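Letters A, B, C, D, E and F name the chains as they come in the text, with residue numbers starting at 1 for each one.
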């Protein structure tokens, strides 16, 4: 798996003509008492590295993950958060740089819900500015993925599979009634945000005690497969137009 | 239906304690050869006004619609588009003003796909800044709504129902192979944007010739019902915390 | 009167070669106890629509009014206000879009004093960026117009003429000594702003009890005539250079 | 005349309680073939220094002039121009600093038409943020001043009076038909800007050959008197509220 | 060595009272034909990790490195560069987050010359906003460090010591006369920048062929020692004021 | 010595082909009880004017000094300070204007430590945007200059030489233990900033009572010589590439 950070610039220029550049983005933010701050970054990387291990064609040049995301809602506990405008600027600059360095296809893979709108907006904006093909996804919602919650069963399962040593002992989650509006909107398709809701919810969306490493391994396999398939689909859809010399 | 533009400032202050302020947002952009530039604004207003006619409780104070949205991808034809940063600023300022004028609950109802991420981001950001409860939706994806396409059967049907006089004669849509990536992503959950794709697709996503006023009336009824239900659900979820003196 | 929101994009493109695009801008802000929040927007629209009914040549394409303006000084009561930088961005984007959509002549007509400098600055800036001819005016100061005050005799008269149902009962204005500095500068040509002056002045500049619908009708006729004349004068001055194929 | 640049910080703090801080702003921009780039700055300073020599009470602390203004329309020839957003930032920062350093009354005196809207906007904005009283004027339009033109009879006369050594030989101005729209709007109260108009007009608004030093001396006396009167009027209007310990 | 990404938020909050948070920043940019894009990031991390292995007291919480820096001058070849304003925003947000998460002492360690001014400016700015003690350094100029050049003997030596597998075969550097002005200013203390100079210099400042792994090991030891000493000195200087409960 | 403010635009255009444009930048900020607010500006100008009196070739066009700098750390006493982003914008605009007006070589000479990083960053950024050669220096650190301190022996000596009438009686400086971290970093090469440190240090870095006019004259001569030499060196290094028609 070619990593941009380990390549020389000439290797980058050579690869850019046909390869896909892949940027993982994550976060550093509270994940309740049992998961580490970097959970979202580590899981995005785990899914990305799993998928890239299976994809030989197209060539994918993986960038170092952006370890910080947009997490203002977790600052009540602890987070290293970029403002929305900052993350927008970072993504715009990275996309601009990649195009300027010769890449014509870029994929952003996200591990943190709070980055999702900003990431999708970034690729939409950049496609207007340069003759490139861009894709973006959050690893958890690709394919038939479902909302991952936060620091609950989903993420805990995956961390048990990917970084078991970093999962601290779990305690049952205190009942939160009603459940937090951001995660359980009162009507489908309605985004609802109430001030102070993350603190009221105790920093997580659901109970993590039933998560198991085995369940996590299945989930991880599922997510890795989905991302590998998505990469191949993106390649197929754009190879003719944006991988030089191919049709 | 109270309209903010017709109220005095004392009426606004009085209403703000318990009412929900509702801001419709739309766009001015090409909608193929048969629909008008303001289609998204008109449809958002049609759904909003239909829903508000049915909702007596809670009181909803409707603002004048923001007639311009984020439509850079339609400037190849014609559009009056706000940059992403501008629309973000407008929404932040409006939310700030509404909170400053006494409202504690605000709902944004959107009619244009290109505004969707920016709108959802705006309500997330603002909920961190003030003790308010905010909601946002695109009228087309509320409930079991599905992607509306652009200037195709969905929007044409609705316009036949809501503004029949503004629908020009339709011609069959030329075949676009492959279909535009932004509307038909090659993998579920993957956002894909390719430079020049809107021009290649001829400005619409699907054929509009089979749209009928009758089908449009059913769709409109469905969307109006969904929004009315969503307003009631938002009210129920936030009345205890953000409508003063009630529990 | 062609309205951009009701036109198809091809009609917009066709019109842009010779027509003038006209953007009304207003505000939503306190207008004392007897006038509605949207007074400035409604009056700008009343004058614009009156003038356009009289101007056949040139063709003028009217945009939907921007219902929100720069009203931070009214937030002490109630307003939906855009920051100065936001309104600047909105106007820049709208002008950019109109030029990009084919218009070569644009006129902005303003109904709110607080927008005046921002609007004039916007047209100056944009004329440097594109080969266009731009004009801007506040409806109240065109020709021999005089300062309109705020929520006083001038605006109340016009609202009695244009929207009598929205004018609530008036009470005599309490004496404010000295009169507010922003409206009665101590030296001609000197702009003076004192913190808290709007609240001290009770939200208006002069007494509204002597306003009549008849006086308002005369004022409205006067303003409509002035704007119609200004449009014709702008057309005459720029037709040779910016209405394609004409001289 | 106390100059801030020559005062110690304790003298500044002491003065701030009752004095007025005065900031002259100018420009560096083409002034046809006979006047220097710094004409606007020099004339603002000449009027300011003349007025301050006559005003003993109130105490006025004069700042160093901002030598650069907003002159993008003169870059076709030569200028050192700040963008509008930059000049806005400079003025906001200076006002913020002066308030933070203890001044409660500030006056901005401008010598360049292109700064006018930005300056007036700046004082309006700042009065909302701090408990201060602010004033702003362009020296040429104070009192019964009239539009000064650019590099024509008005400015040339004043420069002959104030800096005769810097006025180069004048040649008659070539006829410009029609006269430039920015200086001769086709309807009173209408701002009209046409792309390329400054170059077409040859960089000036009217002929300078009839300007004389005697006429300039009269004009200068008139402007100095007007500014001195305006300073006294601003003082009288704000002394009770913003000069500590006085009433 | 505690790593923030592996800690839970409660561990972060507990550490913040007395620990120093350390952020490494680097770049992704061309480093001639023989060094990888991520050289600056890797070397900053090598020095940081070496130093932290030797410092037991104070506790230092290491953040994930920011892998991207300000490298617009390398985009002529290949780079992933953040604009200056973006990097400023990232650093401001990270510092803000760290203070908000409880840290009172932060150290930024930089590996890329192009980040240097921005980093030092960031810590100066932030110290004005919160009651914290901040430090910043570029690893190469700490103590008696000298200018590292770019992709020359200094960096190549260090990479041979730290990541020998990533150093490709070196060829003698073509003569560049005169040497690039940015690296060899014509007068001490004068920063000189000439357009196109990096391309003219072939992307490096000096010949790398004489670099050896042994020399690199000595350099690395020297830099590690300097950083360890600097951390202890920063701790000693700020422990009394910014490490709670200690004196 | 040609001064831009006194030149006509044609003289500017003529000079730009081969001359160097020189912009002095300073500050207005507290300089303890004995030095004036404008010390940094006056000293930059004294050094610049001294150097230019000795340099006949190349021609140097001197701009009016920017009298305001980045001094947020002095606002606790008194200052007129531009935010970092404002000063960046001013310098970017001035450089852009100078290039647009025909200059191909620009030198910025700074008198205030707080401007240093921003100035160096500005010239680096601008050299990427236009085919120019730029230089920047702080007058005090040119050649073998050493840190000037603030309002201490160095600046007081120079002011005694250059503006003796503006130096007030000095009192011995109270002992500050430990000395301020910003001026006496605990490790060489480490920038350390602690909140509140300027107030703790009483606004200066060292005692000024031993400063003499004679010592100041020597220092001034030294700085003038260094700047004159630096100008000649910059000219020599860039004459072939950026002074048209010369080699």
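To be clear about the criterion, a contact is a pair of C-beta atoms (placed from the backbone, for glycine too) under 8 Å apart; a residue touches a chain by one contact, two chains touch by 3 or more.
What you are looking at is a predicted structure, and each value in this text was computed from that prediction instead of being measured.
Asks: Going by the contact rule set out at the top, which chains touch both subunit B and subunit E?
Replies: Touching subunit B and subunit E alike, sorted by label: A.
Asks: Note down the smallest number of touching-chain steps it takes to go from subunit A to subunit D.
Replies: Steps on the shortest route: 3.
Asks: Is the contact between copies subunit D and subunit F built from the same residues on both sides or from different ones, judged by whether over half of the numbers are shared?
Replies: Counting shared over all numbers used gives more than one half: same.
Asks: Work out the mean Cα position per chain and let me know which chain is farthest from subunit A.
Replies: So the chain farthest away from subunit A turns out to be D.
Asks: Hey, which one of C-D, A-B or B-C is the same interface as D-F, over half the contact pairs lining up?
Replies: Selected from C-D, A-B or B-C as the counterpart of D-F: B-C.
Asks: Rounded to the nearest whole Å, what is the centre-to-centre distance of subunit E and subunit F, using the mean of the C-alpha atoms as each centre?
Replies: 27
Asks: What is the distance in Å between the mean C-alpha positions of subunit C and subunit E?
Replies: Computed from C-alpha means, the inter-chain centre distance equals 54 Å.
Asks: Could you say which residues in subunit E touch two or more other chains, in rising order?
Replies: In subunit E, residues 85 touch at least two other chains, as defined above.
Asks: If you go round the ring from subunit A to subunit B and onward, which chains do you meet, in order?
Replies: Following the ring from subunit A in the direction of subunit B gives A, B, C, D, F, E.
Asks: Quick one: in the complex, what on subunit B touches subunit A?
Replies: 72-73, 84-85, 88, 114, 117-118, 120-121, 123-128, 130-138, 141-145, 178, 181-182, 186-197, 226, 229-230, 233-234, 236-238, 241-242
Asks: Flag every residue of subunit D that touches subunit F in the complex, lowest number first.
Replies: For this pair, the touching residues of subunit D are 4-10, 12-13, 16, 28-38, 41-42, 63-68, 74-75, 77-83, 85-86, 89-90, 93-94, 97-98, 100-102, 166, 168, 203.
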